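Provided herewith is a single structure, encoded as structure tokens, for subsequent inquiry.
For clarity, chains are labelled A, B, C and D in written order, and residue numbers in each chain start from 1.
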Amino acid sequence: MDLHVELPRGLTLSNPVIAASGTFGFGPEYSQYVDIGALGGVSVKGVSPEPWTGNPPPRVWETPMGLLNSIGLQNPGVEAFIEKDLPFLRRYPTKVIVNIIGHTVEEYRQVAARLNHLAGVHALEVNISCPNIKQGGMSFGQDPDQAFAVTRAVRDETELPVMVKLSPNVTSPGIIAQAIEAAGADMISAINTVLGLAIDINLRRPALGGITGGLSGPAIKPVALRIVYEVAQQVKIPIIGMGGIQAPEDVLEFLMAGASAVMVGTITFQHPDRMNHIIDQLPEVMEGHGFSSLTEVIGAALPAASTPLERR
Amino acid sequence: MEDEQRLRCLIVARTLPAQGHVELIVESQELSRAIPGQFAHILTPGMLRRPISFSRIDPGHGLSGLLFQVVGSGTKWLAERSIGEVLDVLGPLGHGFPAPDPRKPWALVGGGVGVPPLYAAAEKWAQTQAHTPEVIIGARRGVWVVMENDFQDLGIEPRIMTDDGSKGEPGNVLHPLSLWLDTHVQAQVYACGPTPMLQAVRRMTLGRATTYLALEQRMGCGIGACLACVVPTVGDCGMYYQRVCTEGPVFRAEELMW
Amino acid sequence: MDLHVELPRGLTLSNPVIAASGTFGFGPEYSQYVDIGALGGVSVKGVSPEPWTGNPPPRVWETPMGLLNSIGLQNPGVEAFIEKDLPFLRRYPTKVIVNIIGHTVEEYRQVAARLNHLAGVHALEVNISCPNIKQGGMSFGQDPDQAFAVTRAVRDETELPVMVKLSPNVTSPGIIAQAIEAAGADMISAINTVLGLAIDINLRRPALGGITGGLSGPAIKPVALRIVYEVAQQVKIPIIGMGGIQAPEDVLEFLMAGASAVMVGTITFQHPDRMNHIIDQLPEVMEGHGFSSLTEVIGAALPAASTPLERR
Amino acid sequence: MEDEQRLRCLIVARTLPAQGHVELIVESQELSRAIPGQFAHILTPGMLRRPISFSRIDPGHGLSGLLFQVVGSGTKWLAERSIGEVLDVLGPLGHGFPAPDPRKPWALVGGGVGVPPLYAAAEKWAQTQAHTPEVIIGARRGVWVVMENDFQDLGIEPRIMTDDGSKGEPGNVLHPLSLWLDTHVQAQVYACGPTPMLQAVRRMTLGRATTYLALEQRMGCGIGACLACVVPTVGDCGMYYQRVCTEGPVFRAEELMW
């Protein structure tokens, strides 16, 4: 079965399964365990113009079917990424999506500009869940005006396909998504982690060094599906869905809810090769449910009024 | 997949080395090539794998040991495994201890389940040393002391310290370590145990010995991708977080900013 | 160990474990399985002035460590509750909290007025997650002004202790909580369910008859703890925490995060007697962690600046 | 707790009545007092218990049967249980079938795993009937037909209909039911099976027979508290949702607004 996915600006994936940002490092780390060339794409860990230190440990905490993390976007900066990791990734026949971050609109603009026209970079994913230092820590993704500003700044600096990543921690994700679409994004990726906290009852303090953290993993799948399903009816640009995917059946859920492709994060920690298995099993599972192409699946659970064709 | 490093390891033996502790011996050529201080990242029913150091390594027979205390859901599950079952393991992971300098005095300081990787080090290198290594084992309770017999089988009589004084001498590992340092120059200290113990060992030995500490930190991936397992270290321009799973678990004491 | 909890307006619980609203019916249903008299309290299923029909089935769907529900607040109305169920509940030495709902501010006012001065009703819990028919379905709990209006209307009608239940589906729960406090609520209960959705891939449609649903169970515990921990630092009134509690250790997490008592919902479906077991085990678990009273536990994980004393 | 109704039931037998189907016989005095059509709410590793009807009820020996098809995680787990293990069950729950009128003709119409509660009804009441009941069993595939032998042991030859025609006659249960209704007045019809089948049986029998349908619905509590398991029924003022777990699973066809 043909699993190709055609996305805006000529971004073509060999299949709809992309490694999510932050759980797959910059590429080399998992290369012993994962067939990178067989992935639809790889979204690397968020990169900023300058290196970021990240949050104090502990940085992860297990929760029921979930994972809290407060990495704090530690990264070596865009120059180190270009020198050290990009040449490695270029060797693989997969699409490289660079997840970009900044503390100000200007920083997003800088890193987007630096990555434009670089061989081996196929798309940008704008992570707007970073704390906005100008607005006292609230993230860019929690306010439609700021989401618009960041998206527009990146759009102005690049011809690459741009996807912007939604925060689930808002009253109305659709309003943020519409601002992102209006600002010229080609796609939306959804969702980033859900704000959470755990208490270490032995230490009598919050478990994470960063106090609160982001919840990921199967626990959040219903939240992610709700947002994909709603946003798919509120914007026309394609959606890359994620949150808790463990199996090909989960991929079908996201596609039926309106996503055109998916990303897989936390489960990779448990089963490094799970993404490859999902890709291998997808055709059989689709056939088992009576589908013969991805386009039949995409949006199949949306109300009749919003068919996938209208949305593209 | 240039090299399939996700291993299915048969459990070939299971012992109860102390109250609430289990040691599993697993069969795997790859794991048995581990260096002491490296670890196995073991699949359990939880969201995350569990990191456990190698307690013994026998490349000749392709065997290695995993000795752990039951502290939560994952170790409870592991403790319930039987001979003949198979574990799903990533490893050996991380950087282990360097081989000690054979001519210099060597002390191994372990607290609680920090002892197993030090036993693995002694097993591998003790016979290369000019002098019998000093082994100091600390535990909160006497019934939690592990691997005393194993050291004895190597011809080493470990010094046992327990908080409750129910075994060995009452007190912690620091006092005997301090006495030993007083009488040994160019000393090499290898330590593993709870973070407060390692911090104290670091402070005590800074400038007096070459000290390697095997650290614990909450992990995600275990292979360097997620940046979860960091510790603050000395960087070129101030503090810099390094990964316990990749640059560690073993760090030189001077590297740490703790 | 003394497990009594003293809450505002003389509401004293024999212990901090309350049956959550909607998972315990109106009392009689679980009486064969649960020692009702041993519970700190019982919050009954939401009641409205008139009977509500509720949503089309299916109304529940299992998710990883979670449960999606879209009951749609079916209930026989406040009169039926008073006639049929209240006499039953009155027989037990537990505190009866009536969860109240309405489609308009006026409906909340009506049901609050009807329940004032009724023997056997010890407190009201205002569920502001109901769809606000005047505002096109957005819930009262998603807007601080509306949360204020509902709380004030109820406050005006009753001398009973009033707690208002926070929705987690907002950008800033603290702002809603402050509006509720300013309107005169005595307590806050947190959290209600998290908006979610599942797809039935066999039927190729959303799994629930009501399309979206509310996620509860262990999956949401980190989200609930985050909101309790944040809100505990933003209001001074006591908080009743809930979301995913399964065990006495979970109760400690909520108390340390700043809750003064807790509610237990979804786990009751699995283990009807779990609430009783939690209450029985709580003293031992507290002692095992070095505590000798509830006041030592409450707020223990909060930053030093906001001790529980300051908060009460 | 006036009456502890959460039961621990020992599994005393386990059989494979059809491809992908398992029947467990459990020991429990309380469960064996069930009325056909009632169900057990069984703890499995998921968030929710699983409702399964009683396939046979033997109060004399304190035994009852649970026959299910493996369709997902919970039934998979149940299928892996062995003799000697214990199930945690709430039950018997709900309202079962009423006893049929002995003088009137009686048909039992079951689809797939809707057959077991009908067998339980036949086992209990067939010998009270003036005439041998008509039993019509439908299944999608021949290999999924269950309890044919059990009916035969009661002296009843069930009529088998399969979608793929690989067993019995090709087609569904409606055609033979319709023929039977043509030749029987004052008929009583008991049916259990997939919702579309029950809806068709309801339409076909309305005004022609006294029909009882045993329904399925996604459940939460199983005991009437959560209002999850509702079906639309005829109320005093229009549609009114009733609970499958409490007012049902068995409803009179006229009650439903389907």
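Note that in this section a residue touches a chain if its C-beta (ideal position, glycine included) is under 8 Å from a C-beta of that chain, and two chains touch if they have at least 3 such contacts.
All values derive from a computational prediction rather than experimental measurement.
The minimal number of chain-to-chain contact steps leading from chain A to chain C is 1. For the pair chain B and chain C, the distance between mean C-alpha positions equals 46 Å. Centroids of chain A and chain B (each the mean of its C-alpha atoms) stand 37 Å apart. In chain A, the residues that touch at least two other chains are 63, 65-66, 217.
Taken as a graph of touching chains, this assembly is arranged as a line, each chain contacting the next along an open chain of partners.
Remark: the chains found to touch one another pair up as A-B, A-C, C-D. Chain contact summary for the complex, chain C toward chain A: residues 63-66, 68, 142, 169-171, 194-202, 204-206, 211-213, 215, 217-223, 225-226, 229-230, 244, 249, 252-253, 256-257, 289, 300-301.
The residues of chain C lying in touch with chain D in their complex are 22-25, 29-35, 45, 53-54, 56-63, 65-67, 69, 71, 74, 217, 266, 268-273, 276. For chain B in complex with chain A, the residues that touch the partner chain are 1-6, 43, 46-49, 90, 217-232, 239-241.
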